[in-house]
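The first chain written gets the first letter, and so on, giving A, B, C and D; residue counts start at 1 in each chain.
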Amino acid sequence: MATPPSTLFASDNASGVHPVLMEALLAANTGHALAYGDDEWTKRAITRFRDLLGSDAEIVFAWGGTGANVVGLQCLLAPWQAVICPDTAHIAVDECGAPERFTGCKLIEVPTGDGKLLPVHIERHLHLLGDEHHVQPRVVSITESTEFGTLYLPDEIADLAEFAHSHGLLVHLDGARLANAVAALDVDLRSLVVETDVDVLTFGGTKNGMMYGEAVVFLRPELAANAHFVRKQAGQLPSKMRFVSAQFEALLADDLWIRNADHANRMTERLAERMASVPGVDVVRPPEVNSLFARVPAAAIRPLQDWSFFWVWDAAESMVRWMCSFDTTEDDVDCFVEGVAEIVAAYR
Amino acid sequence: MATPPSTLFASDNASGVHPVLMEALLAANTGHALAYGDDEWTKRAITRFRDLLGSDAEIVFAWGGTGANVVGLQCLLAPWQAVICPDTAHIAVDECGAPERFTGCKLIEVPTGDGKLLPVHIERHLHLLGDEHHVQPRVVSITESTEFGTLYLPDEIADLAEFAHSHGLLVHLDGARLANAVAALDVDLRSLVVETDVDVLTFGGTKNGMMYGEAVVFLRPELAANAHFVRKQAGQLPSKMRFVSAQFEALLADDLWIRNADHANRMTERLAERMASVPGVDVVRPPEVNSLFARVPAAAIRPLQDWSFFWVWDAAESMVRWMCSFDTTEDDVDCFVEGVAEIVAAYR
Amino acid sequence: MATPPSTLFASDNASGVHPVLMEALLAANTGHALAYGDDEWTKRAITRFRDLLGSDAEIVFAWGGTGANVVGLQCLLAPWQAVICPDTAHIAVDECGAPERFTGCKLIEVPTGDGKLLPVHIERHLHLLGDEHHVQPRVVSITESTEFGTLYLPDEIADLAEFAHSHGLLVHLDGARLANAVAALDVDLRSLVVETDVDVLTFGGTKNGMMYGEAVVFLRPELAANAHFVRKQAGQLPSKMRFVSAQFEALLADDLWIRNADHANRMTERLAERMASVPGVDVVRPPEVNSLFARVPAAAIRPLQDWSFFWVWDAAESMVRWMCSFDTTEDDVDCFVEGVAEIVAAYR
Amino acid sequence: MATPPSTLFASDNASGVHPVLMEALLAANTGHALAYGDDEWTKRAITRFRDLLGSDAEIVFAWGGTGANVVGLQCLLAPWQAVICPDTAHIAVDECGAPERFTGCKLIEVPTGDGKLLPVHIERHLHLLGDEHHVQPRVVSITESTEFGTLYLPDEIADLAEFAHSHGLLVHLDGARLANAVAALDVDLRSLVVETDVDVLTFGGTKNGMMYGEAVVFLRPELAANAHFVRKQAGQLPSKMRFVSAQFEALLADDLWIRNADHANRMTERLAERMASVPGVDVVRPPEVNSLFARVPAAAIRPLQDWSFFWVWDAAESMVRWMCSFDTTEDDVDCFVEGVAEIVAAYR
């Protein structure tokens, strides 16, 4: 059997730390600095975020993606309110109920097909407003790029935000893979999330080459009024903060965040092209960012995983997900395709 | 005015990362590894913990100290139950209500004087048991070493645990600075927390030289039955777990954790000795671990902080706290004493 | 325009108190009795419940239906667990998020068509079990009779419970209108909820003639171990308990609970028969209990409500719900049908 | 041994329903009325409250005292905030943690000696404000009359409220026995809670002759903006609301609420006077409202309780609490004193 590739196609969080970011960690390890963000690295990292997103933006850093979502959502919600989101959203499916547990709020989970929320999905729940028997929709949460690897165009976000705002709802954007969207759409971040009128977003670091660390960005500063209390109470305040900040500072410099994501996207494109000609592998749709969904023979899944692990997306459909990362090489892709082809051939 | 020392005496979390641990981070950055703890570093780090604490121990890693306390406590508690703890406990004072918020439980906070809980403090609340109008005491939480820099002797922990267990209560130990206690008492960890019958503890990494990462240790494995769900729901599951684990692996090797703590303790002892002869500085009590409490002239506090920052412990008493870290040098201590003496002299 | 009927068809909670129950309230108002259930009325009411449901049953009384559901569910759940229920369940739609808020748990809401949960609905979510990223299904909640006025047969409940138990899940039954089901199915309560292996149920009083008061019944007594603490913490412990208990005692005597429900069911049957011949009124399906769903011309809804108020069930479908109560008379039914016919005629 | 009195001295919630209020319940049982407060009784009861407290007041009714406190507090609090209250407060001791559980907030419990909070108690915790590591004091909660049977004078409330407001805190008043305070102080309600600038209060019904029902009164209407959602989510929305409202309507008519309380107070005064001359009974202090605290021989407590039940207040101090109610008669008092004297005599 072929030698497995040197990187996994399981998830972009199976990758390690980008060398530039590791350098930044080493460089930040110079003597003492006050904890909890009262340090120079944090000031500089926040400045970089404001350069990207506007000087009004308020930014707080958090440990991980679930925590960042919890902090952002909590700042927008009272416990009798609700979040409308796709039923495939990470906050709905993959966070062990953390958002509901912490905020006390219900998630109104909407089937969408492609992971993208439309105004019509919101509209159906507006009749709940004002009736004391029902939770009150207050936040619309979208993911860019989505858990399905699909993309909202800037206009689609703008339309959704306008509809939401016109009914008194706020817009939360889970941007664990926002960089991949920016790279794929070839837009600047401001036109994607500021001009479209998003209220709060998480900006992912971990899946784009950082060791750890996510940012919660409040594009309306008044929504951040209690963010520091919320973050601490949510257990999301890193004490040696400079090591989060130093990574963000380096990630945002010289467009490293976009370059990392663009590389992952392009490797996924290559993977899709190569896989398209593998008999027995049925690519579900052309990839838009760094995930590829494909159907393979059910019996081949376990042998494939044993050879080079990845996750099944939908067992009933025999559908799997393959992801590329900032450090996936062309050789990794080619090697993976070759091995998959060999194994699948045995199970057709 | 004297040049400030090159390290701060503000807190042990103002320090950076111990070079051996930074090496471990670099070494762990080798290609891909599955996320969430399904990796070799995590297996090895858990093995090291079991070597120290017994093969039955269950260990889960968390991002930070507040999160680790929340995860450990949640595994012991239903929301109508309560935690008895000193009113100076970190969980009571310094976590922005995270334990209450997450567990739903009340903390019954007991005045102690020295931060150490005694069986008599528990006894006074046992009358609550069984009465539906009252929260039900279920956990006793102690900190070793305490927030006051005091120490429980092994026998004191054993007595407390025996009393607690005899009334159906469990014992939680916040060990953010457990290493400093082990070093100061010159006991092995097992005799301090296993033989004394503690149920669950947090084992601190960040304040002892790690970049981030804490461990929750369940000494009764059945208490860990839901720990993985609790950790994820609490937002405390690091995705690139290997970087937490690699640090713990290195910290526990060759007693580095004890050596780091011992160094910090010894520097604090030197600091106390030197400060004892500074006019205007009144050392409150001899340090037992790595924190020193002293009274200084109220008017001198701000100038002192401007020169080299530290925290006021009790403004009404004009009492400050100075802490040493794994990387505090003798020169830092001497330089700090000299500068304090000079500034205090101006305000006597 | 016709005179409106003397009772409303809006809901069975628009009715007042059955005269026998009012007598019981008067009779219980004799001097002093200890609060919180330590009284003779409560002992006798519990005995009556045990006569019906078995001597092992544990029963606690609560103020209202939402509270009773919250108490029952909380006794079964830890906060990382989940409840599978129809997306039309009262706990999902009509309790302003109380179950999620109090238990911290997610409701996994399943589309059903007729409000009835089947094993297949549960099966689809069993893959979540054991994965720390997902909430853990623990309870299946059904309503008998359902919010759609449909009925589970005893065998259907038994099948569902067997399936649930075989996968480690418990069965909660919301019995706000359980009496209507018992009357309609002409079974005894034991064969409907005990022999079918339900774990916990709420037994409704308010919608069946009581002034207030609901019962939470634990058919496995070990599940009630913490019920008293849960009830108090949920704000559901009536202080002058005897007035809840006296009503339940009288309601359960001489099958009054069944007779009340049976009357309401029969009036609804009469209503359906009469409405079937009213042009412009389209009875959606024959009523099984005391609610009737019908489509009427959209423009007629408001005038009808102004004449004699009722609730719209589905505005998009122009579907309304009419309910009968223990005190609805044949004259009320006939009068209501006559008025509806007159008004609808004007809008066809 | 003497025949026990026909009423208990255990608590004012051991009493039944005042005959006028029972009449009101009967009178309200006339046919159908829409549920949840959309009825004429509720409109009239709210009008009566506004006559007493000002036309701006917003009033919502709840089932019980714990629920009313939870609803009132929740409307004032975000979960990282805290309530400062006496450590003897009902919300702190007797509600099984319901306020913390529901609001997520910490109670900062202050020792007071007499159950009365002073500005100095608040002042000590103001240093917490603005620091993300600490919960943020937001509400001051007082009880009038207190759990110790003591009274705040109007000026004392006004001073406390002024101090609280000047630091951005709100004032919550638990008025489960507010009527007893109004009667004892011989002031009108407005001068006690409106002119003193209380923000939110609960107004007790159950302990003053009602079968059930408490009111939450918002004296700043903007604080009630979400009260209906909070109430429903807290499980405190009575469906057949008219029966709560009818009682309040009758209770507030012709000063019945004050007359009931005044009677209970006067009976307690009589009890105190008579007990003062009983050898072995040591009245702790003259009663201010309807509770009397006394020390009796420890060995006599159980026999006394067996004869006519009451609650021990402080077992260590051998202190008991006796309470009078709206229906306690002079004969009851005299009979009780006689029996106590007889039993205590045997244990001196």
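Quick notes on this structure:
In this section, contacts are C-beta pairs under 8 Å (C-beta built on N, C-alpha and C of every residue); 3 or more make two chains touch, one makes a residue touch a chain.
All figures in this text were calculated on a predicted structure; none of them were measured in a lab.
Chain centres computed from CA atoms place D at the largest separation from subunit A. Set side by side, A-D and A-B show the greater C-beta contact count at A-B. Subunit A and subunit D, compared by their mean Cα positions, are separated by 51 Å.
We define each chain's centre as the mean of its Cα atoms; on that basis subunit B and subunit D are separated by 42 Å.
Centre-to-centre separation of subunit A and subunit B, using mean CA positions: 33 Å.
With touch defined as above, residues shared between interfaces to two or more other chains in subunit D number as follows: 79-80, 95-97, 101, 104, 132-133, 229, 232-233, 237.
Put simply, subunit A touches subunit C in their complex at residues 79-80, 82, 93-97, 100-101, 104-107, 109, 127, 132-135, 315. On the subunit A side of its complex with subunit B, the touching residues are 6-8, 10-11, 13-17, 22, 25-26, 28-35, 63-67, 70, 95-98, 101-102, 206, 211-212, 229, 232-240, 243, 309, 325, 327.
Only residues 36, 78-80, 104, 132-133, 136, 226, 228-233, 237 of subunit D touch subunit A when the two sit together in their complex.
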